[in-house]
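Structures given as structure tokens follow.
In what follows, chain A forms one complex with chain B and a second complex with chain C.
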Partner chain A sequence: MPDLRPYLVLGLALGGVFALSGVGMVVLYRATGVLNLAYGAVGAIGALIAWSLINTLLLPEWVAYLVAILFGGVVTLVYGTLFGPPLAQREPLVKAVGTLGFALILLGTMSWVWSYQAHSLILPTTQVGFQMGQVRVNLTQMIGLGLGIAITAATAAFLRFTRLGVAMRSLANHRETTAMLGVPVRRVEAAAWLTSGLLSGATGLLLSTLVGLDIVGLTFLVIAALSAALIGRLQSLWATMVAGLAIGVVQACLTPFDAISPYRTMTPFLFAIAALLWFGIAGRGLSRA
Partner chain B sequence: MRLRNGTTHGRARTPAVLAALFGCLTLVAACGGGGTATNTPSANAPSAKCGLGNGQKATGTPLTLGAIVTKQPGTDFTGITGMAQAYFSCVNDNGGINGRPIKYLVESEQTNPQQVAALATKLVDDDKVLALVGSTSLIDCTVNHQFYEQKGFNVIAAGVPFDCFSTPNISAVNMGPYYSTTGAAQYLVRQGVKSMVAAGANVPGGDHDISGAASIAKIAGIPSKGAYLENVPISDASGIALKLVNAAGDGGGVVINFTPPEGLKILQAAEQQGLIDRVKWAWSTPGNDASVVQALGPGWNGKLGVNAELNLVDSTGPDNVLYQKVTKQYAPSIPLGSFGQMGFTAANVIVHTLLAMPADQLTAAGINAAIRKIKDFKTDILCKPWYFGDLPYHVGNNADRTVVPQNRAFIQKEGCFDIAAFPGNNLDAIRQAEKTQNLNTGG
Partner chain C sequence: MSLADESGPAVAAAIPRARAWVERVGSIRSVAFAVVLGIVVLALPALVSTFWLQIATSVAIYSIVALGLALLIGRVGLISLNQIALLAVGGWIALRLGFGTSLPYPLLLLATGVITGVIGTLIGLPALRLSGLYLALITLMAAAAITLALQATNFPNGGSGFLGYSGTAAGSVAASLRRPALLESNTAFYLGVVGVTALMFLLAALHVWGKAGRAWAAIRQSQPAAIAAGVNVTLYKLWAFALASFMTGIAGGLLASSAGGLTTYGFPTQDSITLLAVVLMGGIYSFWGPIVAALLLKLLPELLKNWGLPPDLLTILFGIGVLQVMLTAPAGLVVQVPRDFANLGRMVARRFSGAAEQAE
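Coming up: the complex of A and B.
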């Protein structure tokens, strides 16, 4: 039996970022009813912009990171402003497909501008760390985990205790009623798009260090976040966070087992399938009762 | 209509928003191309030129060449065909092939055998390409080598699967991942490693590509502790790095065979976890890439042996200097690296072959017959002169170097050495044929 402790540490760090991504998606979904499949692509393009600002324009790193996060917020807000209102009355699937198109546009843009090269963006926090058994735990990994938990807690409190948060919660399912009650729908939705975009920008920076600055890889890591969000039924922030962590930990801990290691990248899908089956069975049981 | 009706409130802001988005994308485009190494060529180096080098644009009837290239998530070889295209563009701006420009048709594939077979048929039968040059695919050689044999095409490739090096009508300017990984393992043995572990991409033929490491370990009398195939793109490089180091054990050797972006993830994960010094590291040819070495920190100085099938990207021989110039002028977005050198060399070989042919022989049959007769093609980018030759299998490039990173540039650690010959890798027979047929000895 291999020593799993180092893989547990690595899995928690990775899972923390999955959780952060999942929470960003759930926040947007709860406010707008949109499942944002462009979440990973926005983070990836922000990180690549930061890479270019640092390596080409030689800007200070903190400026580049700030631009990356702001870019995530602005580009997501622009999409939400342009396409949110006309798609507001459409089915969730249509809204999700809209964001998939947006993701593909961003993916094409990245391939066009940054293709061919190996890119690297290592946050300076990675230099700080301590040894834990076989593995060195760095500050970026701790930020990944800590930010996931902190954002979840802060967002849960925000949605529960603030007027804007309550307005966001009411929007997804009762958009017209909420508007009739005088809630500034466009502004509330814009706040949700902006928040989700800022989170995607921050997530992209963390993932570029923890996973690698890779166009396709970062774009489609949204799948792991989506699985976490599905397990949270696109409603529960805490369930999403726990699911994100669990996916990261299980995937990492399968690594040293040679027989099943090649299949460990299926972990997010298996979690999502298991959750959907469970919801189906539980739902059927409830309806019979 | 829904869009307009639904965004009445926001319409006034739309131009400003679009302007902002355009500004962002402009910023992205302006910033994206940077970061490649630009080493100044030696002023004393003898000069090579693109084709005729007369500065006159070729305007005659185009000579159409073709290629098939893999481009999919985690595996993108289009830098090779992109560089071949760049060289052809330079040739076309300098007189072409005695006045005739080269038209280069490149088809990308996603490792679907039916697709790859159809693309070969399209290029040869429909597009009527005269020759296939610079093809770099995970499955083209495997799927299409019999088709090429039937059609009498002799393909100058940048090979990946073993079929590019073990069939009669394909010869590659590189030695491919199998032989390069073998060479990387030889370097580790010379470094005195106690065990050997290999890892590569989980792609068709990926297991064979890294199998040479175990053979070298066996010859050296050290244990082979595993050969791992990893799904690409890699999403958990930290776990992979830890697994490889643990498998090799302290003092062991780890050889990896990945494209630059994927291999870099593993090395950076190893650095972040403080694993660099627990083992000795080696990488097959894709690691010899300017964008890789610039991304590796000083922690890797002298600690990663990269098997270089082609010369240092900043070497000052005439062909490599021309390669740098062509990259700068015609393909600035393609980083200086082995992939680019492969595309350049394949294009260089065919251009010199075509220039030496009489005009009435510039047909598919004539050109492919001439390709088969290529021998003793000298270039400073390769260790030995290159040839095609009338052989049942081709590994014209079978000697290479080892380079190591030093302050964000590669320096040569070991000069040209022969890839080890052992049963099953054909190198004994190939070197025998080189001697008897004077393929690369100037005879």
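Coming up: the complex of A and C.
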């Protein structure tokens, strides 16, 4: 039995980021009914912009990171403002396919501007770390896990206790009725798009440090987050978080086993299939889908 | 592409039957198009170089894949995002059968199709009872999982064991399926592929015009109404899924025997999304749609490369295309473009007649 502790640290950090992105997707889905499949692509393009700002324009790093996160928020908000309202009355599947179009536009732009060559972006927090037993833990990993949990808690509290949060929840229940009650629907939706976009920007930066800055890899890491969101039935923030952490940990802990190591990236898929079978057998309804 | 090939003898044999067939197809114009297309397709080997003939072969193969997806979306309203991954699965199975058995080529293709059909259906099975969104998500995850697994296992190249991959032979033996003696040359293989494509379109047409098509139409319009009318909704959804996967498997087998064989990097997850984009752009209700989709997917990038433009532009264009289809043109280019041109023509005619009246 190999020593799994280093992989556990890695997995918790990765799982925290999966949880973070899963929560970002669930929040947007609950407020607008849009499952944003371009989530990973937005994060990737943000990270690439940060890379360019640091390496070609020689800006200070913190400016670049701030720009990357803001860019994620703005570009998602622009998509939401342009294509959210016209598709609002359509079924969730159509809205999700629309975001696939968005993802293709971003993917094409990225490979055109930055090409598929490998870039590297290491957050300064990676150099800071401490020894925990025999395992070294760096600050980026701590941020990954911490942010995952913190954002889940903050979002849950936000949806429960603030006016905007309550408005988002009521939007999720019935858009027309909510509008009739005087909630500024477009503005609430815009807030959801912006928040989700900012989260995807942050996710992109963290993942490009933890996993590597690679266009296709980052874009499709969204799949692990999707799996977490699906296990949370696109509804429960806490279930999404736990699922995200579990996927991250299992995936990382399979690394030292040579026979199954190459297949470990199938973990999200297997988790999702298991969840769907469980939902099917337990016969529980799935919300708004 | 091939509807005319099948209709040729029918027209000569029995005029009333042909008339009924023409009515089914919709209009004489479609038939004329099909005839012209058939002639162009058959004359192609004499007109173009080997390179473009290979492109034409892959256009035909991908039109089968596009046809499967178009059937799923247009007839049953299901969206699958793992069709390109299934194509790779089909290729893998065909190669494995090709190296492991001595089945004759047509049987080998058929077996590949059936096995791929079963695998594709198994992937979709847990989600089919839930909504379309869950099916789309599960298939997207399956696509990613299959792509990654494939990079770990590689395509069989005659090695031993279940996976049939030998690292030592990898340099010398391409993962390529033997062609039957009859289809050895590139031209013969191209014509063979066109023939299989024609059969697949015929199979799809028979489904759409038959009992399955009526059941699918009922499900698409209202699932509760279909259940009330006694349609076995789960069975027909599964059947559509199995049919699309079957076709994709056949296409995978053909792809495995085309020039150059298969590489594990030829089937990225992104391509399944791109396929969805071109199928939506081409149009999902007409049999012309998948052909347009395959041309967009396989011919256009080569043309762009030829003109020195970056093919990444296409990805952006396809993304815009998806949004445009979702917002304004649900029936795709095949319906939209002729309608737009007709509108434009009418507008121009009105302008001119207006100008003429004013001049008088």
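Just so it is clear, the second predicted complex is superposed on the first by the 278 of 289 C-alpha atoms of A that agree within 3 Å, B and C clash if a C-alpha of one lies under 4 Å from a C-alpha of the other, contacts with A are read in each partner's own complex, and residues count from 1 in each chain.
We adopt the following convention: a residue touches a chain if its C-beta (ideal position, glycine included) is under 8 Å from a C-beta of that chain, and two chains touch if they have at least 3 such contacts.
Note that the structure is predicted; figures quoted are calculated from it, not measured.
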item	value
Clash or fit, chain B versus chain C on superposed chain A	clash
Partner touching more residues of chain A, whether chain B or chain C	B
Chain B versus chain C as contact partner of A:G101, first or second or both or neither	second
Partner chain in contact with A:G217 - chain B first, chain C second, else both or neither	first
Touching partner for A:T109 - first (chain B), second (chain C), both, neither	both
First, second, both or neither for A:L276, with chain B first and chain C second	second
Touching partner for A:T265 - first (chain B), second (chain C), both, neither	both
Which superposed partner A:T126 touches (first chain B, second chain C, both, neither)	first
First, second, both or neither for A:F71, with chain B first and chain C second	first
Which superposed partner A:P92 touches (first chain B, second chain C, both, neither)	second
Residue range of chain B overlapping chain C upon superposition on chain A, of 37-45, 55-63 or 109-117	109-117
Chain A residues contacted in one complex by chain B, in the other by chain C	83, 86, 109, 216, 220, 262, 265
Of chain A, residues touching chain B in the complex	2, 6-7, 10-11, 13-14, 45, 48-49, 51-53, 55-57, 71, 74-75, 78, 81-83, 85-86, 88, 109, 113-120, 122, 126, 131, 134-136, 138, 186, 209-212, 214, 216-217, 220-221, 224, 251-252, 255-256, 258, 261-262, 264-265
Residues of chain C defined as touching chain A within the complex	79, 126-127, 129-134, 136-138, 140-142, 144-145, 148-149, 151-152, 268-270, 273-274, 276-277, 280, 310, 312-323, 326-327
Residues of chain B defined as touching chain A within the complex	2-3, 5-7, 9-10, 13-14, 17, 20-21, 24-25, 27-29, 31-36, 73-74, 76, 78-79, 82, 202, 226, 228-231, 233-240, 242-243, 246, 260-265, 268-269, 272-274, 289, 291-292, 295, 297, 333-335
Chain A residues touching chain C - in the complex, by the definition given at the top	35, 37, 83, 86-87, 90-94, 96-98, 100-109, 111-112, 216, 219-220, 223, 226-227, 230, 262-263, 265-266, 268-270, 272-273, 276-277, 279-280, 286, 289
